[in-house]
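Take a look at these structures.
There are two complexes below, and they share chain A, which is joined by chain B in the first and by chain C in the second.
Now for the complex of A and B:
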């Protein structure tokens, strides 16, 4: 039975629940927008990292370099699209 | 077929290895797809017109239930892959079944949520904000709905054929997809719901 619940994954699950609780604090506690969005940015990206490394085994296998390159590329395009558009269309350069 | 027994079953053939790599490249594209949806959402977030704003229609309870269900299902599909690597077919099928049930639970709550939005007058046509909100949530929900059928068919195949290099490979790729959906939900949870209700 024990081998079916490896510590690494159980800890990863507990850690991701903990991150969810921390993220929830922005709803239940009274805080400034800047502090709230900082907390959300940190918890969301750490959470994504936990999933990728612990649960998706991104680092194992001989293709892991290619896999990480694809991921970095995808994330770079994602961030450039989101923040580039926000900069051009919302934050005042219109 | 050249089976390499030093690797887990899902990596054991050249074809399997390439399938997994190919799926990662697909996930890279999915990241970009969701990025464009998030971009449009952030741009239209305040364009509510005469419709409701996010803070008026979001409800914390269903969102929390959805988050816990999806996080737990992501954990159980991870356990399924672990059981698969130990060669425990029954345990693997059990964890896969739990994952699918949790996924179905997630989808039911999301359908409830969409009905709620409809009743409070937040439809696709109401405003730029509600349109993008429902498109983003709907794209994620459609992915989960597709995943449920995919997972169900893999479940049936393993029941019939047992764990072979092929079925193990399919299960592993399905687990990647399911974890990815969880990651996207975390971003929706943080930057659509919590940010909207802050």
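Now for the complex of A and C:
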């Protein structure tokens, strides 16, 4: 029975519910804008990771290496684009 | 009557009326010709509905050549206009439209189509596959590109061409400064063909990762396949940015938003930022496949393995990463501080390192090789010094402080033509001539080909080297004329002379196709260059529909060469029935609807927009429930075809 029970998935489900509750708390609790955005950003990225790894099976199967490589590449480009744009459009004027 | 006035040209001239008549006459002539020779059925069943990657590749290349002549005509008009001071051949407005369409047509509809066409034809053959991973998606990609290209090309006879430059900067491109529908054309033509390109990107990544012949590990792929893989990864990451930027532009112009406005919290330079986040990777999307083509050609005609295979791959991966880190060098003069400019200046110059590695690898491949000076090889050899000059001036432009001097001058124009023409255009011509026998079963005449080569190369030098000098002397780009006292006259005349030589070169190239079609022998064997190293030369000439009668097995990165020299056996299996995709009219019809959608949106004809959108979703819904499992080619049929060619395991 123990082998059949999808422990990982159930734990993942509970964990993602927990993340949702934390994210929701930003709306219900009275906190500063910066703190709220920080909480939202962190929970959002962790949530995306949980979904990809546990529920979309990114790490299983023969293609996992390709999937992770593409993922890292994508994250790198996303970060470069966002921070580069901020540098170009907002921070870079002094 | 007001409804029809929107379709009138805002700024007509006899030349535009003449082209209207010409377009009408050519269209009628083609339709009459096809009807007269009773070719509609053949055209529909063999070409327009095909899902065969080879035919789609050929259609891409034909469209690209057409666009090359459209964009080339624009180029000659510009050189003619600026050949002498105070010329009145084109007025300012026409000149703006001409340089805008020249840029867009050459980059999006010529160069992109050409490289995607070559990738379509060559990559499945080189990895030993029967087709791409998603053949129907591939057909849709082509037809969307074609719909976008046609939409863009009717702009100058219906409603007016875009005139804000191929970079289409805001606020110049907003409704206030560009009131005609030109920029709407720009937005929608690029949007529609961009969707096609994005699908191509996904299609080829899957094809290369999942459909390689048994034994072909990633590090045993031919270099063109590697360059194709990396290019398509860049496409998938870069094109969504363009999609969004164009959509924001459309919203601004047609739905009253303020993304790129100078008021109400808009940021006009955000367009430049987004455009170049796509635009800089875009130039690497063009140049990396070109590098792949040169790698194949230089290795074939030097009869040596490619020098430094691993460093070639590593430098392409590095280029692909760096290509996303340099976009700001396109607007160093926007007004941001020294720190920001320095960061992007350093990343820009860093790209010269992996590119330099590749240049040395090509030189070392030729070193002590048995070089044969065939036409494709001559383009490849000319590419190396010419491209290096372009690269070095690129590093000059990459120095942010010095860029304030070069920015927006003819120096910049000379630089990017110096990398794009010897880099991309030479590669496309060389690749076309190199793979021509695989596509059509005969070789192009070498003697005429070399004449074309010399005209194009010498013409290129005369066209663009004078611009370095006038640019440093301060001739601004995109200016429709200049006064005699500037002294730019003679050098600009030299440029015009060079442009004329290039035009003759391309005419010779076309004549060569006609001549060789009439005169070239057809019994040329499977490896007509007599030195082919990769799998595409292992199958018949011209390639049968199923590419390979039996699945090839690969042991080394030079599969065919090692079969010839070391006795490796590529084809060892028995012939079995082959699963192939069916032809389908679905992609061309959907692309036609996209054309209607784009056209209606450009002119704010909302009924057309809504109806075509519903129809597109209808087609997609139909596709979801359609059952199409493809078809099988029987063993007997394969044996019959193979016997005609002389056996599967020869």
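Convention: the second predicted complex is superposed on the first by the 84 of 94 C-alpha atoms of A that agree within 3 Å, B and C clash if a C-alpha of one lies under 4 Å from a C-alpha of the other, contacts with A are read in each partner's own complex, and residues count from 1 in each chain.
We take it that contacts are C-beta pairs under 8 Å (C-beta built on N, C-alpha and C of every residue); 3 or more make two chains touch, one makes a residue touch a chain.
Computed from a predicted structure; not experimentally measured.
In the superposition on chain A, A:38 contacts neither chain B nor chain C. When the two complexes are overlaid on their common chain A, residue A:51 makes contact with chain B while staying clear of chain C.
By the document's definition of touching, both partners, chain B and chain C, reach A:66. Touch criterion met: A:92 reaches chain C, while chain B stays clear of it. Measured by the number of chain A residues touched, the leading partner among chain B and chain C is B.
Contacts of A:81 after superposition on the shared chain: both chain B and chain C are touched. In the superposition on chain A, contact is made by A:3 with chain B only, not with chain C. When the two structures are aligned on the shared chain, A:11 is found in touch with neither chain B nor chain C. Of the residues of chain A, those at positions 63, 66, 70, 73-74, 77, 81, 85, 89 touch chain B in one of the two structures and chain C in the other.
Residues of chain B that touch chain A in their complex: 7, 11, 17, 20-21, 24-25, 27-32, 34-36, 38-39, 42-43, 60, 64, 67-68, 71-72, 74-75, 77-79, 81-83, 86, 88, 91, 175-176, 179-180, 182-183, 186-187, 189-191, 194-195, 197-198. The touching residues of chain A, when paired with chain C in their complex, are 63, 66, 70, 73-74, 76-77, 80-81, 84-85, 87-89, 91-94. Contact residues of chain A toward chain B in the complex are 3-6, 9, 12-13, 16-17, 20, 23-24, 26-27, 33, 36-37, 40-41, 43-44, 47-48, 51-52, 54-58, 61-63, 66-67, 70-71, 73-75, 77-79, 81-82, 85-86, 89-90. The residues of chain C lying in touch with chain A in their complex are 209, 233, 237, 241, 267, 269-270, 273, 277, 321, 324-325, 327-328, 331, 334-337, 339-340, 343.
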